[in-house]
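Next, two complexes with subunit A in common: one pairs it with subunit B, the other with subunit C.
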Partner chain A sequence: MVTSTAAKVKVDPRDAKLSMAHFFVAFSALALGGLMGLLQTLVRSGKWELPWGIDYYQILTVHGVLMGLVLTTFFIMGFQYAAVSRTTGGHSNAARRTGWIGFWVMLVGTLMAATMVLLKEASVLYTFYAPLKAHWIFYLGLTFVIVGSWIDGAAQIMTYARWRRNNPGKPSPLLSFMAVINTVMWIIATLGVAATVLFQLLPWSLGLVPTVNVLVSRTLFWYFGHPLVYFWLLPAYMCWYAIIPKIIGGKIFSDSLARLSFILFLLFSIPVGFHHQLTEPGIDPAWKFFQVILTFMVVIPSLMTAFSLFATFERYGRSKGARGLFGWFKVLPWGDARFIVPFIGMAAFIPAGAGGIINASNQMDQVVHNTIWITGHFHLTAATSVVLTFFGISYWLVPHLTGRKLTKAMNKLAIIQGWVWFIGMAFMSGAMHFQGLLGGPRRSAFSTYGGSEQAAEWIPYQIAQAVGGTILFLGIILVLIIFVNLAFFAPKGEEEFPVAEAENLEEKAPMVFENWKLWLGIAAALILFAYTIPFIDIIQNAPPGSKGFQTWSKW
Partner chain B sequence: MHMHKLERIWLIFGTSCLVIFLTVIGVSAFYLGNKPPSCLTTVNPETVGQEKPFNEPGLHKVDGKDWEYELVFVASTFSYSPAQVEVPLGAKVKVIATTKDVIHGFEVAGTNINMMLEPGYISEYTTTFNKAGEYLIVCNEYCGAGHHLMYSKIEVVK
Partner chain C sequence: MAKTELNTKQKTEIDDRSSLKGTLASVFFLGIFIIVTWVSVYYLFVDRF
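Showing the complex of A and B:
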């Protein structure tokens, strides 16, 4: 689909190999995790049962771990590694070696955890809340995944640091800056989950300590759990801010404001975990509310992002002679999968964000907490906005890395894929939202709850979810066909890695944005402010610890 | 760093909405008392069955408190005790619940009663049952193989 004849800058082939290695893992996770998702919706429709003693909660664990942790982390690391390579002129041998080590450590960890899940030794879902006690190899595998991602991320930071040394006084390339912000946020956030796994769950599952402090473990998990979703989202924002403008033929509205919004995400994504724990005992409501306020601070960079994107679209449209209030909308490149697939994701973010505001609001959360509304919510944010953008990225990045081209036929198939996803998700996520408002719980197999009238009202929504899930699975098959085509079979050629320029090249981003001591200092201060006192409270007022339980079905 | 005039207006408008929104939530929580359940009392999860009030699950009339009844629930895999209970219509009830083993949910479908039950902690929520009928209590936090079979019922009767 690329018609531009401008000089193309390529990702170094040696870096391309590492990125592609990440993508093979990510898309394998998508295939298997997607199948599990389909099976779940079929079971919950009440019309079908799992064969061969496979357990609903086992496949739910597989789906959550593969989609939420494996697909996302591998895709993001692969994409960011390529983006840094593309915008800084390539990784050094040392950085590349670091990246490979990180990749293998993550992969080994993934396989360890996956083995335990398949053996029914770890049907604890991807949130693994204590005192459900999985096999120690599961926790060790998770540790490997986290540590591997740190090593993998270090490769990006090394290359960024080298670029800064070689270009003193200059703001770093926008995409590299954004990738490093996301990696740094990820490292700070994963300290929480690493702490609970290493110091609580691993020793406890090995039998070294008899009990675990449940609330400390949950609090550390959610310290990580919310920035996790921003770790998914920011690579999508990288595409929306810095890549989409180039695809449509426009410019970045403001380079400096894009950087500012990423810094705000770094600051306000982390000290907010209590909004996942609003209905929990043992946490003071004043501290819950304080973190609710911090949670809502991300509204500001989100508004900035929405403004920038639509400003870019409108300015491009007007430069093409579009008139009227919305004339610019029509001239956007609706026939280009690289644009429209992420655009559907952007549009989904409007209702998704509105739902998020409900979830994080102190009292309203009581209506929807742990209902299937929440599942519907993150299937709009993560499984539509983020994932469709990732698909949109892969439709040019994979051929760019493999030296092939996105053909007209594949472009068409990719557009169909985007719409199939939209329709499937409208059914599935829509039905989940409605059922959740009626009280239907998330993470539950089919049940009539003893012939309850209320539960009977939920069943039609569950059937709608199975319909949506089936359509989405067709969407996944299309993605896989396109991915395999672009990786192995598409005609050889040059596919562009689009990187947009700012509208105003005169205006240099202020160097204070690259002052990591400052931003890390503020981030640390906010985290300490939001967590220190309630965390001490939780530890000081702790009840006796919990011994472990294995309440799931075993082989 | 330059900010476009329209963007400045947009952000001022958006941020003002945010401030109003957070004020409404804050006033509702701390002035009107609509805080999410956040009881700070603890209990030993191993001996919870012998301790008051959990040694006698069910509805109890109380005197001299801001509420008329206490409704005590004990959760364990995969059931609630009591499995069914009747509550008089219009009664102001304090629901008091905890778990003996893993984390469970306690959600009364169709109401705002929705709280996590965690081992060692007591969860409480005070509410008035204003509509007659049968209400389903579901476990909405994964607790194991029988998670979807874990429920109880509240019958609100005249």
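Showing the complex of A and C:
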């Protein structure tokens, strides 16, 4: 009974409008950013050059910022806003207004930053990379994106808080709880990047101060940069934990386990930024070691997630009469794009996670640091596990929000899209991993490095990356066709917003999971412990600051 | 009396529906995969540095 009524619960049309606004920006970013990615792989193949004086590092910046910041942040905010609306009964007018303000502030910021990149005033690559110096409007634009996301996130928190007030003593709906954990983690993490932009990069780019402390800037960036990847990943986990079980016709293995894993992500994904700076001089190795230990703590909730998903699938398969060790695998709904597209993402997380453990290990980081292995790694995590799940979500969420249906033809096209992505990424990311192990650098245009023998070994892998990049771009075209169809042309109807139930409804999630004072307190304590002493050390023993550099060609 | 009961060769039927042996095998596969990739790159490190 509960499920049949739940199936008809719709996101309030006023909330749907705001979610869709986010998705239009996200998918526009995908179109342009994806094209830039294709061009990058073509340039690196050595067979093609960019026309009209367009610079490789400019398109790299466009690709990184649009895919890593704009596509992800807009999609996540749009999805979480809809998920909170769906599971709490809708946003209030005040929350909705707040959401719209956040959306517009983010959009204005995006346009400011994009304009500066297109004018060749900000080819500072995805990680800002001080002492590379961009135009101040670029930094101000990105500040707006971050502040806008805080306002946008505040709308979700307001609605969650109202639900808690109206339902005292009850655990909040799982999807809302997860959305709020991710928003809170995002707010804590972005304090770091906001600090470097406001106190260092903006005054420096405006000419108010002559130099920048590079290590402080990088440390603040990576304080933000690692939880950023979990900010991308947790919405995918929301889908895997709380939506996929409903799509396959099963149940959530354990609601409490899901909540606990999200809390562990909140605690352990922030005080770990030093594992991106293992080769960086000027940070005491003891503190690097401590943060590496915390990094390995984050492996625990990911392994909990893997266990829980296997268990959900096996339970469902056995309930359908599957037998043997892996009989359950065969009965999963392989013809349903809403399942298989995110499933390819889940499968990709196995090599992606294994690669991540290698990156975070100090010695192995010496093998892969600043090589294109790392680029291959985050194209498995972010650009496969995360975005395939986002695509899978949009295949039912977009028609749900626009009052249309995912037709059989579109479902088939979506499945093809998932496999095209898989094949393209196997070529591209696979070649990147191997080239990285042979020492091929990341963040670099095509070069034979003065006819070096070692560099010649890399070229076949770069050609494989161009092949993979081309296949992936076809995948992006398919995604865009499906998105436009579902937003404007698919037949009118009702598409379900699937929300799964826990297997054991008697087992209520412990209320301690909603004790924000406790979790925020532990998170703050861990951050202060991991960062205070090394940060004082970095500032006190700083070398002279650096002036700005603009290494790229101007128009 | 108790002795005769012990001697019966009846096999206890385990309810296959609640079994999670596939999950156990899958997480073992996952763990082994992580260890193998980690050790491979570790040997690359030892070899090179």
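Just so we're on the same page, the second predicted complex is superposed on the first by the 548 of 555 C-alpha atoms of A that agree within 3 Å, B and C clash if a C-alpha of one lies under 4 Å from a C-alpha of the other, contacts with A are read in each partner's own complex, and residues count from 1 in each chain.
Here is the rule we use: contacts are C-beta pairs under 8 Å (C-beta built on N, C-alpha and C of every residue); 3 or more make two chains touch, one makes a residue touch a chain.
A quick note: this is a predicted structure, and the numbers were derived from the prediction, not measured.
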**Request:** Would you check which partner chain A:G451 touches, where first means subunit B only, second means subunit C only, and both and neither mean what they say?
**Result:** neither
**Request:** Return first, second, both or neither, reflecting whether A:P491 touches subunit B, subunit C, both chains, or no partner chain.
**Result:** neither
**Message:** By the touch definition at the top of the document, which applies to A:G207: first (subunit B), second (subunit C), both, or neither?
**Reply:** neither
**Message:** A:I350 in the overlay: touching subunit B, subunit C, both, or neither? Say first, second, both or neither.
**Reply:** second
**Message:** On the A-aligned overlay, A:S361 touches which partner chain: subunit B = first, subunit C = second, or both, or neither?
**Reply:** both
**Asked** Per the overlay, which chain contacts more subunit A residues, subunit B or subunit C?
**Response** B
**Request:** Would you sort A:F329 into first (subunit B), second (subunit C), both or neither based on which partner it touches?
**Result:** second
**Request:** Mind working out whether A:F307 is in touch with subunit B, subunit C, both or neither, as first, second, both or neither?
**Result:** both
**Request:** Examine A:R318 and indicate which partner it touches, taking first as subunit B and second as subunit C; both and neither are also allowed.
**Result:** second
**Message:** Contact-wise, after the overlay, does A:G169 reach subunit B, subunit C, both or neither (first, second, both, neither)?
**Reply:** neither
**Asked** Do subunit B and subunit C touch any of the same residues on subunit A, and if so, which?
**Response** 303, 307, 311, 357, 361, 363, 366-367
**Request:** Can you check the complex and tell me which residues of subunit C touch subunit A?
**Result:** 16-23, 25-27, 30, 33-34, 37-38, 41-42, 44-45, 48-49
**Message:** Touching residues of subunit A toward subunit C in the complex: what are they?
**Reply:** 303, 306-307, 310-311, 314-315, 317-319, 323, 325-329, 350-351, 353-355, 357-358, 361, 363-364, 366-368, 437
**Asked** Which residues, counting only subunit B, touch subunit A once they are in their complex?
**Response** 1-4, 6-7, 10-11, 14-15, 18, 21-22, 25-26, 28-30, 34-46, 77-78, 101-103, 105, 107, 109-110, 112-124, 134-136, 138-149, 151, 153
**Prompt:** What does subunit A use to touch subunit B in their complex?
**Reply:** 55-57, 60, 125, 129, 131-132, 214-215, 218, 253-254, 256-257, 260, 277-286, 288-289, 292-293, 296, 299-300, 303-304, 307-308, 311, 357, 361-363, 365-367, 369-371, 438-447, 449-450, 452-455, 504, 507, 509-510, 541-546, 549, 551-553
